[in-house]
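Notes to accompany the following structure.
Each chain gets a letter, A, B, C, D and E, in the order it is written, and its residues are counted from 1.
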Amino acid sequence: MADQFPAIIVLAPLFGALIVGLAGSRDHRICFPVVLVSLAVSLFASLGVFLQVLQSGPVSYFMSGWDTEKSVLGAGIELRIDAINGLVLIVIAVVSILVSIFSIRRAGEETTEKTPQFYVLFLLLTVGIFGMTVTNDAFNLFVLVEVSSLTSYALIAMGKARRGTMAAFNYILMGTVGASFYLLGVGYLYLKTGTLNMGHIHEVLTANGGEIGRSPSVMVAFVMILVGLWIKMAFFPLYGWLPNAYSYAPSTSGCILAPLMTKVSVYVMIRVMLGVFGWEWVFGHLGWNHAVVWLAVIAILAGSVLALAQRELKKMLCYLIVAEVGYMVGGAWLADSEGWGMTGAIYHILADAFMTLCLFIAASILVKRCKARRIEDLGGMFKKMPVTMTGFIIGALAMIGIPPTCGFFSKFYLIRGGIESGHWEFVAALILSSLINAVLFFRIFEIAFFGNKPAEGHGHEEGETSEQGSIGEQALSVREARLSTLIPLLVTAAIVILLGVFNGPVIAVIRSAIEPLIAVGG
Amino acid sequence: MTDSVNSLLPVWACLASLLAVPAILIFRKEPFLREGATFVAGLVKLGFVIAIYQHVKNGTAVECVLIEGPLPIVLRVDALGMVFALVASSLWILTSLYAIGYMRGLKEHSQTRFFAFFAVSLFATLGVAFAGNLLTLYLFYEILSLSTWPLVTHHQDKEARSGGRTYLAHLLGTSVAFALPALIFTWVKTGSEIEFGKAILESGDLGPWPTVALLLAFCFGFSKAGMMPFHSWLPGAMVAPTPVSALLHAVAVVKVGVFCVIRVVTEVFDTDLLTQAIGALSPSEILAWVAAFTVLVSSLIALTQDNLKRRLAFSTIGQLSYIVLGVALLHDLAWRGSVLHIAAHATGKITLFFCAGAIYVATGKKYISQMRGLGRRMPITFTAFFIGSLGVIGLPPSLGLISKFHLVLGAANAGQIALLVVFLISTILNAAYFLPIVYQAFFPKSDEVDPGEAGAEKFSWHSVKEAPWACVVPLSITALLSFGLFFTSGFLQELVKLFVASH
Amino acid sequence: MKWFALIAVVITGSLLIYGVSDFPDWGDAQSPANAGAKSSTGEPIGESVSQFYITETGRLTHVPNLVTAVLADYRGYDTMFETVVIFAAGMAIFAILRVLREDKHTLGPPAKDTTADGDHGRIIVGTTCKILIPVIQLFSLYVVAHGHYSPGGGFQGGVMLGASFILLAVAKDLGSALTWFTEKRFMTLACVGILIYAGFGLMAQFLQRHFLDYGVLHVILPKTDEVMARSHSMLGVEIGVAFTVTAIMFAIYANLSSRGELKRGL
Amino acid sequence: MIPIFDYIILIFMVIAAIISLKVKDLLSASMVFGIYSFLICLLWAEMGAVDVAFTEAAVGAGVSAVFLIATVYNTKRRSSD
Amino acid sequence: MKEFFETSIEPHFNYWVYVILMMIGLWAVIAKNNLIKKLIGMSIFQTAIILFYVSVGVKKGSGIPIIPKAKEAAAGAGEHGAAGAVNPDLFANPLPHVLMLTAIVVGVSTLGVALAVAQQLFKDFGTLEEDEILEQIKTADKASPDG
C-alpha cells in the first residue's frame, strides 16, 4: 500500500471525478462527499509519502513498471517526490479540501444545476495540479498542465459575468501560447538530449563538463520553458490575463485557482531550474539572475501600485497575486551562495497559497453577502460580520508581513537572500511593497471600521443598547456568513498563523532538500 | 552574564490578559462581569509578574523557548524587562479601574471592543518586556501597534480617522521600513544570531557609518519612542479616549518604544561599535544629539499648546527622549537613570492623564485656558495633577528626582557637558509648562473665574464636582505611587543595578 | 497591438532561428533525439530511449506498431491524461455552453435555408450518409482493434466513430442523432472510457504492481504470459480511449452546433 | 523520399496558413484551415509518421474544421480582418 | 545549385518553415481582431510545434515505425546477425509521434473549449470582434462597475 502512495495522490481525485461524472447528475447530493473523500485520500497519501521522504530521501515511482531494471531510464514515466514537492502536495491537498468545504452550498448557487460538472472540473483541476507537482517527466508535465489549464478555463468561464467570459477567452489564448512555448522548450531539450526524464536530461546536460549544456539550443529551450511558465504564473509583463479572469470567475473557482495555479507554476519553474538545468547551469553558465531579479522588482512594484489603483476588492487581490509572483520569482533567482532566496521562495509558495486562499474566501463572502464588489461598499463590516473580517484581517496581515503570520517569515527569508546576494533593489522592493500593502489593507480596514463617511463628532450612545452604531449605511440585515464558508476561512487563518509560528521545521525541511542541489553545482 | 531558569511563568504572565478576551466577549451583555474579568486578569497577571520577580531579583533570568528553529521565539525575563513588566502590569489594573469610570461616565459606545483590545495590548506589552530576542521583540511590537489602533480610533469619527491614520502610518510604516530591514540585516550579519543576553553585533563587525545607519534604523524604526522626526503620531493619537491616552502615553506604547531602544543599544551593539569615531562624534553621540534635539523642541512646542492633552503629549515626547538620551550616553549612571525614568515617567504621566480625563468627565473642558479656578472645585484631582507634574519635572518628592539625578550625573561623568545643559534647560521648560496650570487652577485672579467666551454654553462652576469615584480613586493611587516610590524605590534600584551590572 | 505583435514575433522568431542554427541535420539517424546523447568523444551518455523502443518493444510487448506500444504501455500514464484532457474538454463545454433551462436571452434559430432546393439536396445527402455511416463505423472499429498492427488505435478510431455520428447529425439533424445517442448516454460513455483505462491500471495496483503495469494481468487473463498480457491490455485501454473520444467528440459538436440547447444543429 | 515534394508541401502550407488568416469570410477561412490540416497530414505521412498523419486527418482536417464551421454558423460569418 | 541546396537549405528547411508557421500563428493570436481568427492562429501555432517534433524524429531512409514480424527477422538477420535484434536506424523514432498524438488531441480539446467560450461571448456581446467587445465593457464600466 505505502509504495503506491505517489500514484494514489493523483488517482484518487481522478476516480472521484469519474464517480461524480457518472452518478452526480442523478443525485447532486453525492457530489460533495465523493469530492471530500477523494481529496482526503490524496491528503493522506501525500502525508504518507512525505513521511517516507523525510525518513529515506526522495521517492521514485515508475508508471507502468518500466523502472531502470526492466528498461532504460526515461522509457516509462517517473513520478518523483522529494521534500519540496512533498510539502507542495500537502498544501495543494489542504487547500483543495478547504475550498471544497467552502463550495458546499456556493457551488450549487453559482453554477445553476451544473454542480456535478463543476465538481468534475474541480477534481480534474486538482488532478492536474497534483500531477504537475509529482511528475518527473518533462512531457507528462505538459499534459498535466493542459489538464489543469482546460479545467481552469472552464471554471472561469462558468460564471455569469460576461467580463469573466472574455477574461477566460484571453486566458485560453495566453495559456495555450504559454503551454506551447513550454512544449517547444521541451522539444528543443529532447532534440539535444534524446530523453524526456528530468533527471536524465540533467545528467546529459551536465555530463562531460556540461558541453551539451553550453549549446545555443539548450539556452533557447530554457528561455522557451521559462517564458511559458511565466505566462502560466502571470509574471510581470505577461500577467494581463490574470486580474479579470480571477476576479470575475465564480467565487468557488476563484478560490481554488488563485491560491494554487500560480504557486504550482512557480514550483514547476523552480523544479525545472534546479532539477533539469541545475543550479550551476542557471546561475553559473546562463547568469541572467540580475536581469530576472530586476524584472521581479518591477513585477513587485507594478503589482503593488496597480493594486493600489483598484477600486474593486477582488481585482485588488488579483494584482497582489502579480506582486507575490514577483516575490517568488525574484527569490528563486537571487542565487545567493547559501540558497536563502530559494528557501524563501519555496516557503513563500506554501505561505502564499494559504494567504491568498484566506483573502479570497473572505473577499468572496463579502462580495456575496453584502454585494460589496467595491472597496467603498464595505462600510461597517466589522460590526456586521466580525468573524469574516477577522479572517480577512489575518490574511491581510500576512500579506503585509506582520508577525507571527507566515507572510512575515517568508519575507524575512527572502530579504535575507536579497542581502546575502547583494540585491538591495530586491530588498527595497519587498519593503516598499509591504508598505503599499499596509496602505491598501488599512484603507479597507478603515472603511470597514468607520463606515464610508465617518460620523461627524463621535456619538456617546446609551451604553450597549446601541451597539450596532450609526456607522453603517448598508441595511442592517447583513449578517454573518454561514458556517460552511466560515469554517474554511477560520481554518485557513489558523494555518496562516501556525505556518508562520512553526516556520522552523518547514524551513529545515526545505533547506535539507535544496542544499544538495546547490552543492552539486559547487 | 546571569544564570537563567526555564519556566513557563512568563508565558502565563503574557497570556493572562489574552485569555481575558474570550471572557470579555462572552460577558458582553453583562458589564459587571465583563469588567470583573478584566480585573481578575489584571490581578492574575500582576501575580505572575511578582512570581517572576522573586527569581529575577536574585539575578536569575527566567527563560522560556516557545518556538525553536532558525527564527526562534523566546521569552526571557531579565532585570530590565522586570522593571517594565512591573510598571505595566500594576498600572494596567489602575487604568482598567479608571477606564470603567471614564467610559461609563461618558456612556461611550462599543465598550466590549474597548476592553477586549485593551487586554490584547497589555498582552503585547508584556510580550515586549519579556522578549528574549529581536524577533520576539518585533513580533510583539507589531501586535501592539495593531491592537491599539481600534483603541485610538475608538470614536469612529473624522478626527479619529485621521488620528488613526497618522498613528498607523508612523508606527507600522517605520517598523516595516526601518526596523524590519535592520533586524534582518543583523540576523544575516551575525549568522542567525539574534538572542539577547550578550551583544549581538560584536566589535569589528561593522564600520562606523553602517553602525550609525543601523542604530538610527532601529531607533527610528521603533518609532513608538517618539523621536523626531517620527513623533507626530503621538499628538495625533490624542483623539483617543483618555484611558487609552494614559495607556498609550504613560504605560504601554511609548514605553515599549523606549524599551526597544534601550534593548537595541544595550544588547544589539557592542560598546566598541558605538564609540567608533566618525569625525568628532561617535554613533552613540549622534543618537544622543537627535534625542537632545527632540527634548528641546518638543518642550518648546509643549509650551505653546492650549489643549491639555496635546501639551501632555509633547511633554511625553520630550520625556521619552530623555530616556533615549540617557541610554545613548553609554554610562552606568545614565543607564540607571534611563531605566528608572521609565517607571518615574509612567507613574507621573499616567496621573496627569487621569487628571485630564477626570476634568473632561466632570466638566467637558479640554483647554487649559478654561481651567482657571477649577482646582478649588476639584481639589483631589488637581492635587494629584500637581504631584504628577512634580514627578515629570523631577522635583522632590518623586521618583522623577531620583531618575533625573542619575541622568544628570551620568551626563557629567560621561563628560558630555553640552548634553548636561540640555537636561537642565529642559527641566526648566518642564516646570514652565506644568506649574502654571496648577497655579492658575488654585489661585485664579478673581475676575477670571468666569464662564468662557461669549456665545459659549452657560456653564455653572458651582455645579462642578469631582469626577466619579472610579476616576478619582485611580488617579489618587497613582499620585501616591509617584510620591511613595520616592521613598521606596529601593527594589527598583536593585533591579536597575542588576541590569547595569549585566552589561 | 500590431506593433506589439510584430515585436513579439520578431524576437521569438529570431530566438528560435538562433536555436535552429545548432540543430543536427534534418533526418540524421544519429542525432541525439534518435540515437541518444553523446559526448564530443562519442561516448553515449545514458541509453537511448528511442532505440530501446525500437529494438526491445517486440520482445517486451509483442506489438509491431511501435507507436501504439509506446502510447499505451510505456507512456500509458501520459495517454491516460490525454484522455482526461478530452474528457475535461467535454465537461468544460457542457459547463460553459449547455443551456439547461429555457433562457429568454438565447437568440432565435440561426437563419436557415429551408427552401425546397435545400430539401432536394437533403435527399441525396441523406441517402449517401445512410450508406456511408455504417461503413465508417465499421472501419473505425477496425482501426481501434487493429491499432497494434497498423496505424490507428483508440484516438483515431474514436474520432472517426464520433465523426460518423457528427455526419449523421449534419446530414439529418442533431435531434435524430440524439434520439439514440442521448446526452446521458454519451456523458456516461465518456466516464466509462476513462474508467476502463484507469481500471486496468488499478487492477495492476491490486496485484501489487505499479499503476498501469499490465504485465501482471496475466494472472487474471486466460492463457497469457507477461508479454501477451501487455498486448491484450493495450487493446483494452485503446477501447477505453475510443469510448471517451467518441463520446466527447460528439458532445462537443452537439453543444457547439446547437449553442448548448441540444435541439437542432446546423 | 523526394525532397522536392516535401518543399512544395511546406510552401503550400505557409500559403494556406496565410490565406486562412487573410480571408474575411470566416467560413472560407475554416475551409482553408481544413486544407492546411490536410497538407500537413500529407507531410507527416511522407515523413513516416503515419499515426500522427492519421490522427491529424481525423482531428485536424475533420473534426476541428467541423467545430469551427459549427461556431461560425452560430455566430457571424464576416470578420473585420 | 544543387550542392548549395543540399548543404545549406535542406538540413534545416523543415525547422525554418516551422518557425515561419509558428510566427504566423503567434502574429494572428496577438494582432488579429476577430476571435475566430485568433483561434485559427492558435491552431496554426500548435501545428507548427507538431511539425517541429515530427521533424526531430525523422531518419533519412527509414520506414514507418511498424515492425512486421517477418521484417523484424529479416532486418535482424541482415544487419546484425543476431536473430531478433532490430536495427534502430531502419525505423522512424516513435517517441515524437506518440508525443504529438497527445499534442494534437490537446489542441483539438483546447479549440473546442475556446469555441464554446467564443459562442458564449457572442451570446453576451453579440459580436466576435475584440475591439467591439472591449468597447462594450468600457461603456458598461462607466455605467456601473459591477458585472
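Operating definition for what follows: a residue touches a chain if its C-beta (ideal position, glycine included) is under 8 Å from a C-beta of that chain, and two chains touch if they have at least 3 such contacts.
A quick note: this is a predicted structure, and the numbers were derived from the prediction, not measured.
Identification of common neighbours of chain A and chain B yields an empty set. Shared contact partners of chain C and chain D, listed by label: E. In terms of C-beta pairs in contact, C-E outnumbers the other of C-E and D-E.
The innermost chain, defined by the distance from its C-alpha mean to the mean of all protein C-alpha atoms, is A. In whole angstrom, the spacing between the mean C-alpha positions of chain D and chain E is 11.
Chain centres here are Cα means. That of chain A falls 31 Å from that of chain C.
Per-chain Cα centroids separate chain B from chain E by 71 Å. Rounded to a whole number, the gap between the C-alpha centres of chain B and chain D is 78 angstrom. The multi-chain contact residues of chain E, meaning those touching 2 or more other chains, are 10, 13-14, 20, 22, 26, 55-62, 64-66, 95-97, 101-102, 105-106, 109-110, 112-113, 115-120. Residue positions 139, 143, 146, 150, 153-154, 157, 184, 190-191, 196 of chain A are each in touch with at least two other chains. Annotation, chain-chain contacts: A-B, A-C, A-E, C-D, C-E, D-E (touch as defined at the top). Of all residues in chain A, only 397, 400-404, 409, 411-412, 415-416, 419-420, 427, 431, 434-435, 438, 442, 446, 449-451, 454-464, 466-467, 469, 471, 501-505, 507-508 touch chain B in the complex they form.
By the touch criterion stated above, chain D contacts chain C in their complex at residues 50-51, 53-55, 58-59, 62-63, 66-67, 69-71, 73-74. Residues 65, 67-68, 110, 143, 151-153, 155-156, 159-160, 162-163, 166, 170, 249, 252-253, 256-257, 259, 265-266 of chain C are the ones that touch chain D when the two sit in their complex. Chain B meets chain A in the complex at residues 28-29, 31, 67-73, 106-112, 135, 138-139, 142-143, 146, 150, 153-158, 160-161, 164-165, 168, 172-173, 176-177, 180-181, 184-185, 187-188.
Across the complex, chain E is touched by residues 1-2, 4-6, 8-9, 12-13, 16-17, 20-21, 23, 25-29, 31, 33-35, 48-51, 53-55, 57-59, 64-67, 69-71, 75, 78-79, 82, 85-86, 88-89, 92-93, 96-97, 105-107, 149-151, 155, 245, 252, 255-256, 259-260 of chain C.
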